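First subunit A sits with subunit B, and in the next complex the same chain sits with subunit C.
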Partner chain A sequence: MLDIIFGNPSLLALAALVGIAIVFGALLGFAADRFEVEGNPLSDQINAILPQTQCGQCGYPGCRPYAEAITDGDSINKCPPGGEDTIQALANLLDVEPEPLDVEHGVEAEPTVAYIREDECIGCTKCIQACPVDAILGASKLMHTVIIDECTGCDLCVEPCPVDCIDMITREGGIQDWYWPLPDGQNRKSLITTDRGAEQAAA
Partner chain B sequence: MLGDFAVLLIAAVLVNNFVLVQFLGLCPFMGVSNKLDTAIGMSAATTFVLTLASVCSFLIYRYLLEPLDLIYLRTMSFILVIAVVVQFTEIVVRKTSPLLHRVLGVYLPLITTNCAVLGVALLNINQAHNFMESLVYGLGAALGFSLVIVLFAAMRERLVVADVPEPFQGAAIGMITAGLASLAFMGFAGLV
Partner chain C sequence: MRQIFDIHGGIHLPERKNMSNPGWVNDCDMPSKLFLPVTQHIGAPARPVVKVGDTVLGGQMIAEAQGPISVPVHAPSSGTVTAIEARAVPHASGLTDTCIEISLDGKDEWVGCEGLVNWRDETKAALLECVRLAGITGLGGAGFPTAVKIGSDRGRDIHTLIINGTECEPYITADDTVMQCFAQEIVEGAEILAHMVGAETLLLAVEDNKPEAADAMRQAAEALEIAEVVTFPTKYPSGGEKQLIEILLNAQVPSGGIPADIGVICQNPNTAIAVRDALIDGKPVTHRVTTVTGMSVKEPGNRRVMLGTPIRALLENAGFDADSADRIIHGGPMMGFAVTDLDMPVVKITNCVLAPTRSEISPPQPQQACIRCGVCAEACPASLLPQQLYWYARAKDQEQLERHNLMDCIECGACAYVCPSHIPLVQYYRSAKGSLRETVKERARSDNSRARFEARQERLEREAAAREAKRAARKAAAEARVKAGDDPVQAAIERAKAKKAQQRAE
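Showing the complex of A and B:
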């Protein structure tokens, strides 16, 4: 077999090319397997930036569908809960110009959280079904309550409530929102010990 | 020895610049030089592919085609090598840097048909380069391509807003600019 191939130049040429092709094919096959990409990594990255309120204000059923739509070229300014920060982060990731929030899809609101007035709640579970992130706890004919840490403030539960016992209240700032209060103008002088000494001396 | 490589590198980048002196790889040169960002992406991808393809082609030629006395198959097998290197690069880039993959997009497969890549592989054989010389020559060709395409993209970004007479607008002024740039690069002829 080998003798025939090596004895015949055209067969040898054929064998060499086929050999090269097989080796390269195996290499590519290995690479495709080794560096396999699950899903679309870009839409994963976009999804991580979106606020995960699953509110649907962008016109898509949730954050992941919107992330996939952005990957396919939709505009990045359709997310009111994320607001300016999200648009900026998306613009950085995708290397495009940031645009102002599209008012058609809503305006950026302060972070809110749902609050159920518990003595008025009749236990109808309608708000539980509406909640996209399962942040409402409760059972049929029993009082419901909101898990504040889970609530994204999307206000989808307000509409279905038959007794209107759900309020959207401004989220209390956590430790991230706390800032050092500026000293008030009147006492500013007495902050520095030597100034205080001068004041006392003057007095 | 190191000096020889430096001379070879400078010769490939400036004196025998592949685009403006040897007129290879003109298609991406005219096609992808509208924006500076895409030009930089294209030159990065080309640099990587050209260097790797140059070396791989040399290895295939020296250790497979020459011993088997199949030198006449070199063009065919080099095309195969280049296609595989481009494919491999695309697979790796898609995994490691989705953003770069998005930026390079269609340009990466376009490198397959960039005749500068095949040109370097064939010139390596013609000029009887050894392994290191092939590497340096491929790198030099790629750097020359990158230099020229980035310079040209920067010029074209200004040409867009320039007051060009109507018959010369668009591709025409691009061609004229490329011709002038080519003339300028002829000035390097006596350098090495």
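Showing the complex of A and C:
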């Protein structure tokens, strides 16, 4: 057998190739097993961009399921809380054309926060079960309240409330959260930085 | 003689400092009412500890610090608290914030103030507590809590304390004036500060356009061995901390870092006085020296004014001519902002109130297209690329803004000043910086939501699994009984059959 192979150059070449293929195949197989990445890294990246409101307006039960759906080819314009910025970021990440927000899933709105009118709360715990981020505190037959800092404003608690005592109010940015708007070329009186006009006046 | 160095960029501005007659300070008349904002600093608002109707004395704490980065507020004079409500405060936004209104009784009665007998005998922690309780913030204009700045862990190895008397913005002479009038107090305060941070070198930095101030400081500092007065050429913005450190020490604060990272701390002369007053006299910050200037006031100058005094009262005290004024500016002409409501009070950061006429500071020219001349990059003292930042700010490209170190912009306005197309560059950077900070905050919030969502999801799965396990266990137990010949169903059928048979038999 060996004699035939060594005696025949073309068979020798074939044997060498098969040998190499087996070695590399084994190596690749081992590497695939040894260095396997858990989960889907792309959907992790997409999930990092999504606003984590967990509101379900996209039609999926939370941001991660939507991220996984996008990985599988769903469109990127179904997230109203994220709005245009999120769509832009997703388009950049996935290298696709940004599309306008799909109004079927809602419109971009000011961030809100849930507020329970505590006098009217009957303590049914239905909103607690609905809250995707455990931001409502309370117990059966006791008053509930929203932890404002943890509330994402998803409004999933409004629907289940049997006595309609939950309001969604706009998250108000105080003086600490304020920052300058981009100059619009209109209101130039509030721009102070001395420009050359001042130098002329001084001359 | 210490060698001094130059910074990149910078500009030479018409100074107009003589207008406000540096070297003299008059008391501003006591107003009938004071409006004291609970936020006069960077950090969490102070919490009011007085109620409407309470009588307060001068020096009494009326709002206490909340959280680590916060400072208390004290009443500057005696009177009655007549309101605690949202009012216009000196802030670029023109928004309102909680203010404590005090109707003064005119008697100016004070609580008993007792300083430390000998501050050298006290521990650093005790001194820091004194500074914190006295409500001291950086009085130069930024308003960062002083106790936090000098007590921070990041500043463990401080070798140099710089008293920053540069005051490079046009018009303002508040620092110049206190250096001339209260040089001794500044040096005392600086000595305490140097002791607190453990600095071996104390530099008193004065720009060379203030020779009287430099002389006064030299005289006062003569006896103090570690102190040295340094003068250097006038250029805007030499007064920026990072720029000043480069000029004096030829060292650069790393991008995104603070001076304490390289062992340096800068303090304003007014802050040094406040520290001295707090430790030696036991007095909190209730007054400050403010420059009132501009061609629309007849008697421009420096006034020692109670915090909370409405800007209107301060202007009227200086002979304000409302008809000729174009706008009122809080702070200097380069970095200040226009005041929308003259009832805004003077606060700890108010180093200047500027009332220029229209011809003095003309309204900004219309913005034209960027011609890519690059003059802004030559003027930038932080060695940034203003032109690129401008494009990225317009495109809201946060990634590129970060990569081009937008956060190192000190908002000095040199780029906008030299721009031949009159582009308000700084306004773009201010806005972009704000939105970058907002993005960071939002990211933190969404990370938090993600963690909570995932934790909840996990919990629900765990609960479902537990239920499933219980059910399976019950089922297994039932099956085990069947196997053991103890089938409850079969037994029930047997029982029923027996019962029926019995009935039939009857």
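To be clear about the criterion, the second predicted complex is superposed on the first by the 149 of 203 C-alpha atoms of A that agree within 3 Å, B and C clash if a C-alpha of one lies under 4 Å from a C-alpha of the other, contacts with A are read in each partner's own complex, and residues count from 1 in each chain.
One rule holds for everything that comes next: contacts are C-beta pairs under 8 Å (C-beta built on N, C-alpha and C of every residue); 3 or more make two chains touch, one makes a residue touch a chain.
Fair warning: this is a prediction, and the values are worked out from it, not measured in the lab.
A count of residues in subunit A touched by subunit B and by subunit C gives the higher number to C. Within the superposed three-chain model, A:Y179 lies in touch with subunit C and out of touch with subunit B [touch as defined at top]. Of the two partner chains placed around the shared chain by superposition, subunit B is the only one that A:L93 touches, whereas subunit C remains out of contact. Of the two partner chains placed by the overlay, only subunit C lies in contact with A:T53; subunit B stays clear of it.
Using the contact criterion defined above for the overlaid structures, shared-chain residue A:L12 touches subunit B, although it does not reach subunit C.
When the two structures are aligned on the shared chain, A:G62 is found in touch with subunit C, with no touch to subunit B. Those residues of subunit A lying in contact with subunit C across their complex are 47, 50-54, 62-64, 132-135, 150, 152, 174-183, 185, 188-203. Chain contact summary for the complex, subunit B toward subunit A: residues 37, 60, 64-65, 68-70, 72-73, 76-77, 80-81, 84, 87-88, 91-92, 94-96, 98-99, 102-103.
Residues of subunit A touching subunit B in their complex: 9, 12-13, 16-17, 20-21, 24, 27-28, 31-32, 35-37, 40-42, 45, 93-95. Subunit C meets subunit A in the complex at residues 13-14, 16, 39, 45, 89, 91-93, 95-97, 170, 327, 329, 333-338, 359-367, 393-394, 413, 416-417, 419, 422, 424, 426-428, 430-435, 437-438, 442, 445-450, 452-457.
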